[in-house]
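In what comes next, chain A is part of two complexes: it sits with chain B in the first one and with chain C in the second one.
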Partner chain A sequence: MKKGELQIYESVFVIFFFVVIFMIGFFLFYRFTIEDIKGSNFEFQDYKFKQLIGIIPSMYEVRCSFSLSDTECIDLSKAIAFKKVSKDYFNIFGYKKISIKEVYPEDKNAVVIYEKIPNKYKTRREISSPVAIYDATLDKFKVGKIILEWYY
Partner chain B sequence: MNKAQAQVHWIFVIVAGSIILLFFIGFGFEYMKLQNSKLNSVVAMQFDNTINGLKIGEQYKILEISEKVNVNFKCDSLNVNNDFNHRWDENIIFSPDKIYSDKFMIWAKKVEMPFGIDNVVLISSRDYKIFVIESEYSRKILESIPRQFDNVQLIQFNELNNIDFKINKNTKIVSFEDYNLDNFKDEADIVYINKGDFGRLKFNNENFDFYGKAMIYGVIFSSNNNFACASQKLFKKASVISNIYYNKALYLQDCCSKIICNYNNIANDLKLFSELFKQQNLDMNNINLLSQSIISKNNDLFNRDCRVVF
Partner chain C sequence: MVLLKKGQSEVIGLVIIVLILIVVGLIFLKFYLSKENSNKESISNIKANNLVNAIKSVSICNNNMADAIIACCTKKEFCGKDACQLINEEINDILEKSLEEIVYFEAKQQNNLCLSINNDCQGISSTENLIRNQDGDAKIRVKICY
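Up next is the complex of A and B:
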């Protein structure tokens, strides 16, 4: 092999090596960026999940209304009625379980108002928040909590 | 190195250099695309956060984005720069089909039919000029629109000829009277709205039903496609909420009815009310009559010291 040919092969090898290194670098960078975007998307989903706990009590489907004036509380009788139609809310809630539980003056069992659990899931997260509950049966306000479970 | 070797060497350098250069250019473009997608998703999230925040009450805000973006509003989703699609099935949005701006006026308005149904969201931009023909009724309607929505203005019918439609490309003319606006139908969207809290409205050549002031504001700010879709969602939701109140009335009848507190009548009305909103052709007179009857029965329960349904 002549010296010139050897130099060309050497250069080809160096260029090939550089291209491979760049491609690996580019691939890794691309993957990291995609993962970062996925991470941001998950963060957003997580934020929406946490936000939902504040939104549900203000939804007209469950919130208290007395003589056309709205009050910041959950009407238990409306929440029970909402359960009958809540299956149509999958587009809004997704794979979640929403329950309302009276904690004071009595510690009662939670009332599930929405439930859609996937057959398979990796993680289940639960958050809860205190909420005022109106019990129409007794015409009394009680202390309760809204429990939100997310399956993904 | 002889001459032939030098030539091969140079060809090799040019080819290899080009490949590396193309590789970097491609990388640069891909990176820019990725960053733009990321930015578009951030804009979509900004919209989502703003709307969710405003919807908790009746509030308004001007959402300012760092640069002009092209936002396509559809019934259940918004799309930023024809790239990032974000679904928001939970929201009822009255907006134009498309806004290219860095300032978006957003207003959450409560809909009552007669009880609270939802806080609908009205979106507009200064690029959209809305001229409402002045009358006593239209003045009252415009009084409730937040001052920040300064793209809506009252105009005398005879001043319409002074509008320069070349400057105001996205223009809508709204009338609560029977003025002849045929001369402007090529330059602007024309909306006729019946005076009153319910009835019919005509958006260009399409007829729609409306119930309540929020839907009047809805048609003022939205395109006919988005109005049609948002109205359907709203009527569907009215049916769902009426059904919830129907079930609550049955619940109260079971738990708490007395001789003076009977919930059967209001329950029947609520059931019928829910069914009326499911019909293809809505009978707004009937809906309004039933709505008044439901309010009256609820007030009656309140006056008898019974638990109210809503």
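Up next is the complex of A and C:
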């Protein structure tokens, strides 16, 4: 081979090698960006899920309402009534299960107020928070737990 | 002026690059961890405020816990029993049943501690809640320990 030919082959090889490295870099950058977007989306969904323990007790659909006072608690009668229409709240809650359980003075079974579980899911996450409950039938305030389950 | 050999200057360059990478890594880690912590703190804060709200409004002996706490702070009886002893038993029961974490509870009247349950700890505190009736007032708060 002549010296000129050799230099042409060398240049072609360098360009080819550079293109391969560039393509690998671009592919990795694309993969990392996609993973990062997926991670950010999950973090946002997770944040929304956790914030629900503060949002649900303040929802007018379930919160206590007295004529002259403002007590932040869950009215058990309202919560049970909400269960009948809760399927319309899929746009807000998504694939979740929301239940309220009385823990004090007595430990009672949980009342499910919203439930939408997908047919297939990879993971289930659960968080709970104490909450004040008003039992209108006894006119008494009790302590309960709001339990949120997220299926994804 | 001391002249560096080629090998020495390359080593210094390498050290500088490694240091830059470590600094960038530490900055990334700091932001990553602080984001995780702030999320956890915000959830614990909601839980603590929900808990203190539930405690003050729970019914006890045809009254509510807020009245019992004020009775304890004013050294009065409540429900025919020593108010502080009654509250201690009931709030301990509530804390045990409602949260898995260790929770510190305190009630103060004019900055004097009148009741505390569990030991004070590092953690996320609720806001101070003012409770009031015809006998006086008190401030209560809970802290969820780390």
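One rule holds in what follows: the second predicted complex is superposed on the first by the 148 of 152 C-alpha atoms of A that agree within 3 Å, B and C clash if a C-alpha of one lies under 4 Å from a C-alpha of the other, contacts with A are read in each partner's own complex, and residues count from 1 in each chain.
The working rule: a contact is a pair of C-beta atoms (placed from the backbone, for glycine too) under 8 Å apart; a residue touches a chain by one contact, two chains touch by 3 or more.
Because the structure is predicted, anything quoted here is derived from the model rather than measured.
Look at chain A after the overlay: chain B and chain C fit there side by side. Within the superposed three-chain model, A:G4 lies in touch with chain B and out of touch with chain C [touch as defined at top]. Applying the stated contact rule after C-alpha superposition, one finds that A:T71 touches chain C and leaves chain B untouched. In the superposition on chain A, contact is made by A:I127 with chain C only, not with chain B. By the touch criterion stated above, A:Y30 is placed in contact with chain B alone, chain C being left untouched.
In the superposition on chain A, no contact is made by A:V111 with either chain B or chain C. In the superposition on chain A, A:G54 makes contact with both chain B and chain C.
Shared-chain residue A:V143: touches chain C; no touch with chain B. In the superposition on chain A, A:V103 makes contact with chain C only, not with chain B. If you count the residues of chain A touched by chain B and by chain C, you find the higher number for B.
With chain A used as the common frame, the shortest Cα distance separating chain B from chain C works out to 12 Å. On chain A, the surface touched by chain B in one complex and the surface touched by chain C in the other have residues 51, 54 in common.
The touching residues of chain A, when paired with chain C in their complex, are 46-47, 50-51, 53-54, 57, 71-73, 103-104, 107, 127, 129-133, 140-145.
Within the complex formed with chain A, the residues of chain C that make contact are 39, 42-43, 46-47, 49-51, 53-55, 57-59, 64, 93-94, 97-99.
Here chain B touches chain A in the complex through residues 1-2, 5, 8-9, 12, 16, 19-20, 23, 27, 30-31, 34, 37-38, 41, 45, 48, 52, 55-56, 76, 87, 89-90, 112, 114-118, 240-241, 243-248, 251-252, 255-256, 295, 298-299, 302, 307-308, 310, going by the rule given at the top.
Residue ranges on chain A touching chain B, taken from their complex, read 4, 7-8, 11-12, 15, 18-19, 22-23, 26, 30, 33-34, 37, 40-41, 44, 48, 51, 54-55, 58, 60-61, 63, 65-68, 70, 75, 77-78, 80-82, 84-85, 88, 91-92, 136-137, 139.
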